[in-house]
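Quick one: this structure, given as structure tokens, is what I'll be asking you about.
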Amino acid sequence: MRRIFELIGPPLLVLVIILGLWSLAVRLLGIPAFVLPSPEQVFETAIIESDRLMSGFRNTLVASTVGLLAATVVGVLGAIILSTSRVLERALYPWAVVLQTVPVVALAPLFVLWVGPGFVSVVLVAFIIALFPILANTLMGLVSTDPALIDLLRMQGAGRAAIFRKIRLPNSLPYFFTGMRISAGLAVIGTIVGEMVVGRGGEKAGLGYYVVFSATQLKTDFVFATIIVSTGLGIAFFLAMVGLSSLVMGRWHESELRPST
Amino acid sequence: MTRPASLMWLQLPLLATLIVIAACAEKPKDDIISVQTDWFASTDHAALYAAELHGYFDVRNLHVEIRQGGPGIRAPNDVATGRATFGLALPENIILAAAEDVELLSVFASYQESPIGLMVHESSGVLNIEDIANLTVQIFPGQVFWEVLKYETGIAPAEIAFDGSMTAWAENSDWAVQGFATTNPFDARKVGAEPRMLTATQLGFRAYAGVIFTSQSYAQENQETIQAFVAALQQGYADFLANPQPVIEYINSEVNNDFLVEVGEAAAVIMQDLAVSQETESLGLGAMNAEVWNDVATRMFEAGIVRNEVGASTLWTNEYLTSRDEQDVQ
Amino acid sequence: MTANQAAHTVDIFIYESNVGHAIEKVVVTDSDIRSDRIRVAIRDLEKRFSKDVVALRGINLDVQEGEFVSLVGPSGCGKSTLLKLVAELDYPTSGNVARPGIADLPGSIGFVFQDAHLLPWRTVHRNVELLLEIQNLSVNERHRRAKEALAHVGLEGFEDAYPRQLSGGMKMRVSLARTLVLNPQLFLLDEPFGALDEITREKLNDDLVELTRSSGLTTLFVTHSVSEAVYLSNRVVVISDRPGTIVDEISVPFNERHRSLRNTQEFVNTCAVVTEMLYRGMEK
């Protein structure tokens, strides 16, 4: 209990101070609400719009999760395939890098054309944005094994499969989770961006849709409420990854859990 | 482990700071009248560009700077924060701003009937709002006319956010896409589609469009400037409607090369109908009336788009207009 | 050196100690080497990595059963390369390495590297089991042997610790245990204690002597340290600068290994002889 407080206490305190300053600044400087609503106003709007925010949260959560899962499966399988052969890696990895630099948002209209509007397109945006960190980090983990260990196992007659199972795969775990931590945030961002440009409206609308929706209607407080919920989702994803990695890797790699970006 | 999380919390205040900084920066110079439009230059802003081209601002000693809009540009915000003197937007936005305690004053309406609406495929046979219920509608999230119509008719078609591209719509005959009657049907024909344009008015929501507005505070202290500015707009717009070609070519060659002359020519034909009404006949181009304004405001409130009922009467005025008779006298 | 030359007497060297002590004659005699007990036979070995990089040239060396042979030489002279060739982790450009009497089976050669190279995700116990998992041993058998090997290197009670919880010396012990658990017939160590502090190193030297001598393990040991080589070995082989050739070798005349040995004049002199050989190898 005490540990939990030590963990979340300081950022919580910072949050309270910042909210206070924010509220004070809005009052004292007389900043109009449509430029910068006070935190109270944002909170009030969040309550009023809670139905839309909740369903937006749910929809974005689902799309982000599916996008991240797809990126995880494809990223890990891709990394395994690339790790099996230098030739494959040399031929394909540059394309993975290129894929990362493609402005995915600009591709979104094409996704609509190819796979239809809404969910699938949004997931595709999230998937592509989230893919690379997982692929690159996992690949790095699979190939950056200690050559001496590989020699050692070979000497005892171990085949590729055994070396993969006993050395490469476990060695890649911390790298994989580093990738996951980056990708978890990116999946949420990708989903929201996707929803902004090709997302579903109505019941299936995600948070990204409501960002545009509220901005179109000049409702700055609603925009803020949406951004806060989105940020909350991003943090939840990140923390889920931290939790998952310490669950899976347990005690052995605690030092590796420090985020590196 | 906690560090990135706590850093994320910093994003919001940071964003807020940026907004405040942005709001404080960029005040216009006193003698320059800046006008922020809602989109890239086109004939939808013809009154402004015609006045500029024909020197109607100059002869009135007005130093006008027209700024093109684009995605993410919201002219009411710019006028409210003082970054622009005038803005051009849909009247719905003036009402939305009023609901947020931003007091704007509309002084000129480019369109008596909004050209905004939905574009469907001719082959779909769709004629009215009820038919649209079965389509997939591609539209900017939060578009007021659409939210009102949905609320009033109870239809709930599949919707997706409009990305600005007509490509997907062109491929899907059971889709409707948001568009402007002035320009989008022409674009659609060019990519081989057979569009049918249903304007908001035809679908059951009549509103003005291309409304030019300023802030109430500016209006109180600059009556004469506004008078002169609106007169220049009326004069320019009348010239444009009578002879659109020079203005179209001016926009194309001097302001926005992407706006094709042929698109402008097609738009000008349609504008002949949309720009005039009984009001404009008697009161002059740009005129508005209370009935239309009040109707829009009431329906927006009823549909829950604004939370407080907004009295529309203070949001617009015809007082700066000059009727054709008066012009003749002058 | 060929098998029938095996029994020989090493020349008498005269060395002037740099501490200024009286010069003593050191007579080093070889233990009787018998050809049927040879376990590693290296003949005219050459290893070249590229046209310019010749790591080893003209290496001839025999190691007999139960013998502890150290290889010393300047950095980059090809010691690790030689060890890898013996382990068949790499192949010679010409010449050959034979390992008569060493079964051609997994587990018959044990290799220990400069650093511990443990798997951070495994406990100490599971690290020691690693190589046994490749062989088809029963879980119980694996467990028993790993426990035994850990006891051997003095790590009882640390079975469930993770490598990051161990000191450098302890990690090295785990690494030794991981290899010893195989019951190898030939033990190859490549500078295993290079990264350790003096005291830990000496302690591990004593342990290694105990481990190898008690089981009569045939051992090839690479080191930079002359005193370590002399302390541990029956025989020290000195390799020259690249391309690595054998400069000379010396049989170590001590029977007992004890800490105080390092302070004896004989020990110091033997070290001096080896150092002299090293200098010869670097001046060529």
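Per-chain numbering from 1; labels A, B and C assigned in written order.
Everything below uses one rule, namely that a residue touches a chain if its C-beta (ideal position, glycine included) is under 8 Å from a C-beta of that chain, and two chains touch if they have at least 3 such contacts.
Keep in mind that this is a model prediction, so the values were computed, not measured.
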item: Graph class of chain-chain contacts, one of line, ring, star, complete, other; value: line
item: Identity of the most central chain, Cα criterion; value: A
item: Remotest chain, chain A as reference, centres from CA atoms; value: C
item: Distance from chain B to chain A - Cα centre to Cα centre, in angstrom; value: 37
item: Chain A and chain C: spacing of chain centres that average the CA atoms, whole Å; value: 51
item: Interchain centroid distance [CA atoms averaged], chain B/chain C, Å; value: 86
item: Residues of chain A whose C-beta touches two or more other chains; value: none
item: Complex interface listing, chain A residues touching chain C; value: 146, 148-149, 151-158, 162, 166-167, 170-171, 173, 249, 251-255
item: List of chain A residues in touch with chain B within their complex; value: 7-8, 10-11, 14-15, 18, 21-22, 25, 29, 31-36, 48, 108-110, 112-113, 117-118, 195-203, 205, 208-210, 212-220, 224, 227-228, 231, 234-235, 238-239, 242, 257-259, 261
item: Partner chain A, residues of chain C touching it in the complex; value: 84, 87-89, 106-107, 109, 111, 113, 115, 117, 119-122, 130-131, 133-135, 162, 164, 182
item: Residue numbers on chain B that touch chain A, as the complex places them; value: 1-6, 8-13, 15-16, 19-20, 23, 72, 74, 76-77, 80-81, 93, 96-97, 100-102, 136-144, 156, 158-161, 163-165, 167-168, 171, 305, 307
